[in-house]
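Both complexes shown next keep subunit A, but they swap its partner, so subunit B is in the first and subunit C is in the second.
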Partner chain A sequence: MTTAAGATRRRRSGRAGHAFVAGYLVLLVAFGIVPTVYAIYFAFTDAGGAFAGLSNFGVAAADFRFLPAIGHVALYLVFWLAGLVVFVVGLALLLHRPGMRGVGRTLRFLYYLPGALAGAASVMVWLFVLDPVVSPVGFLLRAAGFETFGQVIAPGNLPVLFAMIAFWTGAGGWIVVMHGALNTISPDILEAARIDGAGAWQTARRIQIPLLRKWIVYMVILAFAGGTQLFVEPQLLSQASVGVAGRDYSPNQLSYDFAFQNDNVNTAAAISVELLVVGLVVAAVFVVRSGFFDAD
Partner chain B sequence: MPTDTAPVGTDTRPATVATSRSARRARRPIPNPLAGAVLVLFAVFFVLPVIWLMLAATKTDDQLVHDSPLSFGSWEALRANWDALTGYQGGAILLWLRNSAVYSFVALVITLCVAIPAGYALAVTEFRGRRTLLVATLVVMLMPNATLVVPLFLEVNAVHLIGSMWSVILPYSFYPFGVYLAYIYFSTALPRELLDAAKLDGCSEFAAFRHVALPLAAPVVALVGFFSFVANWTNYFLPYVLLPGSDQFPVQVGLGTLLDNVPQFNPTAGALAVQRPEVALATLVAITPVLLVFLFSQRFLVAGLLAGATKD
Partner chain C sequence: MMRRIRAVRAGRSPSRRTVTALAIGAALTLAATACGGAGDSTASGAKDGFTQAPQSAGPLTVWVDSTRLAAAQLYQKQNPAVKMDIVTYDGDANGSNYLQTKVSLFNRTGNGWPDVVFSSQNNEATWAVTARFAAPLNKGLLPPSLLAGWALNANQPCMVDGTIYCLRNDLAQTVLWYNAALMTQWGYQVPTTWEQYKALGEKVAREHPGYLVGVAGDTFAPEIYLWAGKCGANHITGPKAVTVNTTSAACTRMASLLDDLIAAKSMSTSSVFSSDFDKNEADKILMMPGPSWYGGSLFQGTFKAPKGQVAVAPMPHWSDDATPAVGNVGGGTWLLSAHSTHLKAATDFLTWVTTSDDYQGKVAVGYPAYAPAAKTWLANQAASGYYANDITAPLQSAAGQVWPDWGYGQFSQEAIWAATVTPGLTAGKTIVSLLPAWQKAIANYARSDGYEVTQ
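Moving on to the complex of A and B:
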């Protein structure tokens, strides 16, 4: 009896399950799977639709803008990720110190606030902040030897500036996450460490940071994946820079340029596929290494 | 506004609590002035540009350059900036805001209708392909969506939907992170006994979802809704590529258009010249909806982030 009832129930549940996921499945296929397949198809064919092997990838790689674009983003990622890890973990630990409750909550909120200015809005704000003429920190810029906007956004400064914009909008959310993770550490462990004579620095280094490791890996991987997609920051900056910054700063801009300026969708698709592979490898590393999805 | 608006450095706890804790406090490390300075410095870094932006909208361009950066201009200047901004291309900014609202809200509704049942099914029902769907969701969720923008353009172009608002709304509606959030929520916070009891009482799977699971899912519906709204409202790349006409732009892309017409940033700006305070005001207007949602949902947002999931 149990088996028959169980089988009926499973079948019923199976049908209902399919009905519940149907809408999502359609969207997943239409806007996840089909564009991916389509990109791969375009990347391996020529303008006439004939198989082209790796030639589109060759064209992309041989383009004089390709290696610099990769280099720009790589350098930006170094600053962005290093800054994120050092400052987010550092600030979360400082905010978690004993006696910080009320003040800590206010500060966490203030740090989180620029998150509302994601997208083009953050770039607009920083265009002003980085212009010595109107900047609220113009005196700092001038002290550092920058008199004009063009000097500030010289190509050599861009990786740091983009990292700063990304940090400004993104760090607050991660500080909140790290704070939550720190809250899950048992007070007994911290108390024991204190009795053993560990100072704040020792406790952080030997207990708190190791216990945050999983979250730090999570943050780095998502920030890396997001960082490879750099587009709106260099795009708007190039519009505002009076020619100082080009429109081919990041691989995504280059892909856009190939598709819409050069009318070469095949090479554009090849660049998209390369970015996709990087994204997937990062996702795979994350799924395998972090144990975040152990729930299933 | 946040309930906790104590100025930096003040202890908001009542004195009685403080004295009862004094014994424990004696063993605590004394507050480190260096740590305090670092925290305040970062608070300035995060907040100063926002304050500046609010003040900039109240000035004339001349005041922006010559007055102290953190001074208030005048209500008249704010009014004049507003008039100039709304006068730009016959109220383009209002049209862009309306577009943003339509795209974000329609996509939000579709996302909720699709993601919540899908997360529920992945969590509590058995069906063929469930595991595959779950793995696919995790992978797509971790893949930054900007990678697919150019391929999406090719796809949408192939089916001749370029220029339709659905070319933006439907990709927005696809939100695997929301499915993942709902999945986590239903698999951890929904007692199975409740569902089993409902089914023993003769509820169909749909009725169990509708009458038992859904009423309990308010927190995750709100959370998915918030993330989806903010992600859609702030998206730039996708509408920039997929929407051909200025009258279809969402406000994010509209800001880029305004930027093109600021003489200080683009000397070739023509007769439509836009002053910098107008751009500051436009940015402020563009972020207001997100800021409002943000402030109202702050408390549960933080709880949601702590539940273990966030995405850039």
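Moving on to the complex of A and C:
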């Protein structure tokens, strides 16, 4: 039987929930939905506002910088996503081992720390780390055959370097998430596996990783969307290297260049819309293939 | 759990999306409120060659980089009655295009333009005119007698169809810097031709390994060497037309010279601003062709070369070339906004900052583009006693020898060279082998900026 006091409590907590959601919703509409709708509007119109069909997409595709930019980001995504999945899951599993409980808390904090630096600031840190002359790990770079900053940032090295920077700045948060997800696995299952003779590797491979699958898919979807928007790393490296990395390394940079170098906002918007579509399609494929929304 | 994941997402994804919002979203959102755009504030009639905004009181807004802050502050000190709003920005260092980006946004919102702005880039007029930002200066705002005071071709970067849209702050003509003490000690003659320069470079490599006669690793290496060698890589023939030829005899001859000296190891492939050059090579410079600002900024400022060591000679030239030419590396410009509502004050400031002896002659770090101020500047340099010889004659002659057939396009020559040639050079390829790729890149970037390209 429901009491009057209980109903009032529920109404109050409901209002508080709506208030919290409303704030998020306003920001989402102002800085997410409205710019997206404007970008779509610009992508299909010309400078005078007339409907332009797919011509802006055609201009972008025909530009000599477009395909190389796609190629650069595709290669970067291979390194970034593979590194993210392998190392985040691996480190989370290591942190979750029974013997690591005490140290794990400190390590989780340390892993998370780089993410607290703003994107541009963390790239600035890497500009020093990658210069053999001033880097605190310069001896490692010299041992690998790099004597100058120019040799380190050679075009062939950029996908790996950007993946390393992105991992350093973004992976810590995901390690914490994966660790939390591992905590939701029932100790009974792990205990049963141990009694059946499963070692750490068997337990990870047969029980923990399959149960983490949805979180891994979720991480890959967001990391893919973030990765296609690669911008800060090459832009700052371009400034620091006075252009060696190129101002148009990624599609997002190319979009920026179209908007502010070529004064062509419509083509810039077309590239942004393409990135949005690619992100949505990949997310949809992953969601459908992984059964992300299936009830457990 | 979900809450945690949202926290991560909120902390990570928006940081990347902020960039997108800056680049596109914010611009487009602002566009929604910009009904009239750039043309709104042009109510009063045409005068001085452009449609002027209604004039009003209020502070004169001046944008300067950190180096030119001293200029604006000195003007404010000398003219306390003028209300000024001095804003420092990066001055478009390294082609950041900050000014162009901001003007593009101001054009959409219909306000916000600075009245006068300094840029360390020479190619601002190429976009600032089509964006209707730069006001014409030789159509009534400034008298011809004043404009006649600039060094020969100094305002060429500001010229579009015969109209001057900006004023050159300083020149960056190239000369040959050298270590006078070492040259005397080793009994070497300062080379006057490129042939002599190359021969001396090879001799230095044999007799004093590790010492340098030049640096080819900077993004402005083409402006120092290939420009001076009359290589037609970047000949702007009209407001939106360019001729590109990087494989001519003039280009390959100079590129071969650089390749030979790089192979001999007396030409560095590092950048003079890199940490490895500073640590390993800065004290090994015997000679170094470079712009006029190398003296104060590089030798005196960065390398801390002692007094009485650094000397200046004219840039070498090919022995079969009767008309010596030099290159150019930078030299900033001042632009006056066509949207200014304080044209009188803006014009007064622009005139003062580009011609004043108090600033250009006595305070400015670069060689003043305004010839009378340059005389005072040179006299001050000579009086400082820092240089080992009199720098006046070589710098003065070089000021009038900048080869005029290398243009100032909207595309960044430095960025193209950096992306096309520098990685190959670092990987051990020759510059001669990279010339075709350089040409292709220049042509591609020029076309994407709307230029008609002739090759």
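We take it that the second predicted complex is superposed on the first by the 245 of 296 C-alpha atoms of A that agree within 3 Å, B and C clash if a C-alpha of one lies under 4 Å from a C-alpha of the other, contacts with A are read in each partner's own complex, and residues count from 1 in each chain.
Everything below uses one rule, namely that a contact is a pair of C-beta atoms (placed from the backbone, for glycine too) under 8 Å apart; a residue touches a chain by one contact, two chains touch by 3 or more.
Computed from a prediction, not measured in an experiment: that's the story for all the values here.
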item: Partner chain(s) touched by A:121 [first = subunit B, second = subunit C, both, neither]; value: first
item: First, second, both or neither for A:64, with subunit B first and subunit C second; value: second
item: Subunit A residues touched by each partner, larger count belonging to subunit B or subunit C; value: B
item: Which superposed partner A:239 touches (first subunit B, second subunit C, both, neither); value: both
item: Which superposed partner A:54 touches (first subunit B, second subunit C, both, neither); value: neither
item: Which of subunit B and subunit C A:113 touches, first, second, both or neither; value: first
item: A:134 touches, of subunit B and subunit C: first, second, both or neither?; value: both
item: Subunit B versus subunit C as contact partner of A:231, first or second or both or neither; value: both
item: First, second, both or neither for A:74, with subunit B first and subunit C second; value: neither
item: Touched partner set for A:150, first subunit B, second subunit C, both or neither; value: second
item: Subunit B and subunit C footprints on subunit A, overlapping residues; value: 31-32, 34-36, 38-39, 42, 115, 118-119, 131, 133-134, 170, 173-174, 176-177, 180, 222, 225-226, 229, 231-232, 239, 241-242, 252, 255-256, 259-260, 265, 268-269, 272
item: Of all residues in subunit A, those that touch subunit C in their complex; value: 31-32, 34-36, 38-39, 42, 63-65, 115, 118-119, 131-134, 147-151, 154-155, 170, 173-174, 176-177, 180-181, 184, 215, 218, 222, 225-226, 229, 231-232, 238-239, 241-247, 252, 255-256, 259-263, 265, 268-269, 272
item: Subunit A contact footprint on subunit C (complex, rising order); value: 1, 4-5, 8-9, 11-13, 15-17, 19-21, 23-29, 31-32, 94-97, 100-101, 104, 127, 130-131, 217-219, 269-271, 274-276, 279, 412, 414-419, 422-423, 426-427, 444, 447-450
item: Footprint of subunit B on subunit A - complex, ascending; value: 9-10, 12-21, 23-25, 27-28, 30-36, 38-39, 42, 87, 90-91, 94-95, 97-99, 101-103, 105-111, 113-121, 124-129, 131, 133-138, 168, 170-174, 176-177, 180, 183, 194, 199-200, 221-223, 225-226, 228-229, 231-232, 235-236, 239-242, 252, 255-256, 259-260, 265, 268-269, 271-272, 275-276, 279-280, 282-284, 286-287, 293, 295-296
item: Interfacial residue positions of subunit B with respect to subunit A in the complex; value: 2, 4-6, 8-13, 25, 27-29, 31-32, 35, 38-39, 42-43, 45-53, 56, 64-65, 69-70, 113-115, 117-118, 120-122, 125-128, 130-131, 133-134, 136-140, 142-144, 146-155, 158, 170-171, 173-174, 176, 179, 184, 187-188, 199, 204-206, 209, 230, 233-237, 240-241, 252-253, 255-256, 259-260, 262, 264-267, 276, 279-280, 282-283, 286-287, 290-291, 294, 298, 302, 305-306, 310-312
